[in-house]
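Several structures are given next for inspection.
Here come two complexes built around chain A, the first alongside chain B, the second alongside chain C.
Take a look at the complex of A and B:
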């Protein structure tokens, strides 16, 4: 019986482990090594790699465009993160408080996640933000604020326009995670609290919030993972060249390694591209460890 | 009678307390509808009507030819069929690879189980940027870059960790009594999995497959690097390259028609199956 199980365990796990090794483990290790070497083309043989120590990292931090990319991703993570977490938690609480049409609202708010980011981005850029017939400008004009109409995708506002369009979609995703956490809290907790005379806000701060610590950690980690990969929105809002206002580490890496457009970067540098990957991974790891610290294991988790 | 009255009053009071909630959520929902509704209207209008803001009049009638143009001239048909192929094949194979692995990890005690679970979980945090460069180099040595098969292979591999992670919890919540009963009846563990546990896990498999379908249909970065040719492009990259060319031709009706074609499959799927997701999330224990 036992040997039979052993064979089954091996057979059932082998394909998944093979795919993991080939597509995650091996490339990750190789990228980390690559980040310490001077590598020009991504397909260059290992024999042409030259050891460069921390050189790739130094080059990156001395490149103004990469520094802008880091600033942008920092703002996206922090400002966008606070906004998305608060709005999605608010929606999660509203939808679990006994409203009618809960599943309808939930479906509609989650909807942008179902639609291709390229399609969503096109809608935002070519409709909502359009200076001629766009939703915002025509609404402002309709309300009599003619002067408030602006070039939303112009150089000054493009970063914030991009961030809002991105966050609009993310709210639904994080709302679902909050809701699944809230719904796991037994209703008798609330019933007991109501009998004891606790109001809505007391119930939220004394029951919901403390029991959502684990979900909060999940949300922060997931937000970090998805923002570090911020790429398509940056491409959509600055399609021709990289610009300091929308560049992110990922779009900068894409230019460095795969050099798609005729932008300011002409020299290909895959070693620096790998270094960007290592930096982003470090951010994810640091945030993950930090969230483990805030939410201790001895906390109540549902 | 009196009791009934009290309940009614309570409900009315409750609804009033919820009013701000309805308002906030309502505004958000209306905005979403305006956004998508406008795009659909625009996709049936001419470029001129869009710029004049005469969308709701349809003075020159509906313009379904926008769709024909997008589908045929702008090659959306090719991108669409590619995406359909990538999505259907990858979604099926992902389950075949992940479900057995998730089952074994959730049910059997063996050395390295916890390690493997952590290993798969870390893949969820590895940014795509960490894996694409060595893979690009490897696959160009194998001369398989920019091929359909490669993209399907990558989509399977990339979605396995999440699927295992998801199904792992799902199997974990299934009662062991099913297996115990099967073992008493002399059913082998492997047969028990295929005949009993896999069908029981169906709600979980459907949910995760919907997620995978949507992820793969909308996937952008991997296909941009590994399958960015006119022949192999899926919808997301195809739509992007089309929008770039339409900037110069200025065919706005056609562009919005293309946007609608691209989001329609996942949108329709979502309309019909969002209830399924909700049911499997909130439904709780499976009634055997």
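Take a look at the complex of A and C:
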């Protein structure tokens, strides 16, 4: 390589590499190391850290609230994931099959994704789920099903209410990804199949689905990443302090690192918070490797 | 053609930004000569600037009053207070800023958090507080402001020394709607659990709901009631041992199951997400709420302007428990950075806000409690003054029930099930024992 080119490469890369190291790599490495120490405040000097080995991880797995958080996030990932993937795939297939008003429906379905989660959450809690004047209960009472009008934010149902509200907003995002995958499939396949006499369901299961494997993998990974960061909705549904039915690892970590909103609790444990971060990262990596094994490549070949 | 249009737009945009920046700079330069002109007119005025990280938002009543006070303070003393409106985020942002060595002279937050979490950054103000100032009539500051709260701040301070000056105090008690009580024919506030149940019956007969709660205050309700059953020490011991297994928990379950069965607690209480509970009070449907003296301020915008507020201490329940003389009280407080170069100026501002005209104004604007002993309490809180003055035992927040996140979560889940009829008293006690 010519010397002149080497110098240019270094000069152009240096700012980006420097920023990447300072803003991304250094905090990540510091967090991983912090998870093995007993640290109180996130900005405490390194000299105040006390080595704790796997102590933080052991404490976490013995805390009932963290175990509930893991159960909640597991349910959100699995049940929510299946629901969102199926619904968004259905919308994607419908919108790519040549209906009228494709752009209109696409915008409308994607709209919840654009609106701030805080605004959406407030609307769901105060308007849709309100036990007296809310949308659901008013509709049920209007249709005559007075007994079905339940406490949607009560202790048994609040988790599912939160999940449905969250999934409602996520459908649009994943639908767009499915649609981009479907639109990449050459239409010759469909024409050939129609000529041979395949109906809608056969076209879908024999052509669309197999060719969407790569997109499926993308969707699963993106869903896992956004689910692990499930925080805003959990905060909205239990705004002042944590609840076993709505707690997630991220909101538990927030309380550990910055202290609870109640000033009675002045204890903070950033080491345990860092440990939660490490656990969440491991989960995402495991899911990613798993999907890599199932779907090797995403070219559009049958 | 397109390229030319594009470049023209880019140039126009850049010019606009540059001019805007210049204009801004010119504007900020203009008032400075005027200010120094005014300062040179008066004599012996300081031109010190202190930096104040505030827990308030600029838009809330406390923030607006403090902003006005800052202007008045500058006129009076020439000291500029540079306010940084952190809002409640201050509990995340202050310590990193202090650790990074930023120039912060004054900050405020809850008295327990400032002393507990940020104690190592505080300046000892015993000497400054023992001096007299122009609004204290020749007496030391600590003599003219609320003694209970100064003692609290001293006991919480590092090494038991006064390191913060409390302000905006509050106490936790039953806030109620006097109009509903009048309609229901209740002449005296309940002092025992039997009187409480009788009052609830009258309110229900008048067509209103006696009490409500939401998820933010369930732990406080549980803690208060348990302390009224078995006393503060035994209640706190349950939290320290992390086992909610006192036999009185069953009594709690029975008493609150009775409240549910008789319809004395709001149907929505189990599903109320903060601030739904206080909104029920604002709408005039619910008569009482175990909450803090900040409640009138918090629902100022949703309650009618002529809402008739009253308050009384939570009634005595069991023979082994505390009575109305035991209550939670606390305050926000001002703390001075021990590395400050302007301790006296910062303390002058603290005195300015906790005595005299601005103490009164802050209390009036925020429907809060004033610090000075001779100040008048807002009419919504006159009953609360009697309760606070009669308090001899101080409960910590929620009588410790929020100290452990697991216990708090357990209370929230099981109490909600209890007051929605899904758990009976024994089921509640068993679930709490786990």
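The rule we apply is simple: the second predicted complex is superposed on the first by the 275 of 302 C-alpha atoms of A that agree within 3 Å, B and C clash if a C-alpha of one lies under 4 Å from a C-alpha of the other, contacts with A are read in each partner's own complex, and residues count from 1 in each chain.
Here is the rule we go by: contacts are C-beta pairs under 8 Å (C-beta built on N, C-alpha and C of every residue); 3 or more make two chains touch, one makes a residue touch a chain.
Worth saying up front: this structure is predicted, and the values here are computed from it rather than measured.
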| item | value |
| --- | --- |
| Comparing the two partners chain B and chain C, which touches a greater set of residues in chain A | B |
| Contacts of A:239 with chain B and chain C, given as first, second, both or neither | both |
| Which superposed partner A:108 touches (first chain B, second chain C, both, neither) | first |
| First, second, both or neither for A:132, with chain B first and chain C second | both |
| First, second, both or neither for A:74, with chain B first and chain C second | neither |
| Chain B versus chain C as contact partner of A:43, first or second or both or neither | both |
| First, second, both or neither for A:53, with chain B first and chain C second | neither |
| First, second, both or neither for A:17, with chain B first and chain C second | first |
| Touching partner for A:186 - first (chain B), second (chain C), both, neither | neither |
| Which superposed partner A:258 touches (first chain B, second chain C, both, neither) | both |
| Touching both chain C and chain B, counted on chain A across the two superposed complexes | 42-44, 132, 239, 258 |
| Chain B-touching residues of chain A, taken from the complex the two chains share | 4-6, 8-9, 11-13, 15-17, 19-20, 22-28, 30-32, 34, 42-44, 90-91, 94-95, 97-99, 103, 105-119, 122-124, 126-128, 132-133, 135, 138, 171, 180, 183, 200, 221, 225, 228-229, 231-232, 235-236, 239, 249-250, 253, 257-258, 270, 273-274, 276-278, 280-281, 284-285, 288 |
| In the complex with chain A, residue positions of chain C that touch it | 88, 91-92, 95-96, 99-100, 109-110, 112-113, 116-117, 215-216, 219, 267-268, 270-274, 330, 396-398, 400, 402-403, 405-406, 408-410, 412-413, 416-417, 420, 422 |
| Interface residues, chain A side, partner chain C - complex | 41-45, 63-65, 68, 125, 131-132, 151-156, 158, 237-245, 247, 252, 255, 258-266, 268 |
| Of all residues in chain B, those that touch chain A in their complex | 14, 17-18, 21-22, 24-25, 28-29, 32-36, 38-39, 42, 50-53, 97-98, 100-101, 103-105, 108, 110, 116, 119-120, 122-138, 140-141, 154, 156-158, 160-161, 164, 188-190, 193, 214, 217-218, 220-221, 225, 235-237, 239-240, 243-244, 247, 252, 255-256, 259, 262-263, 266-267, 269-270, 274-275, 278, 281-282 |
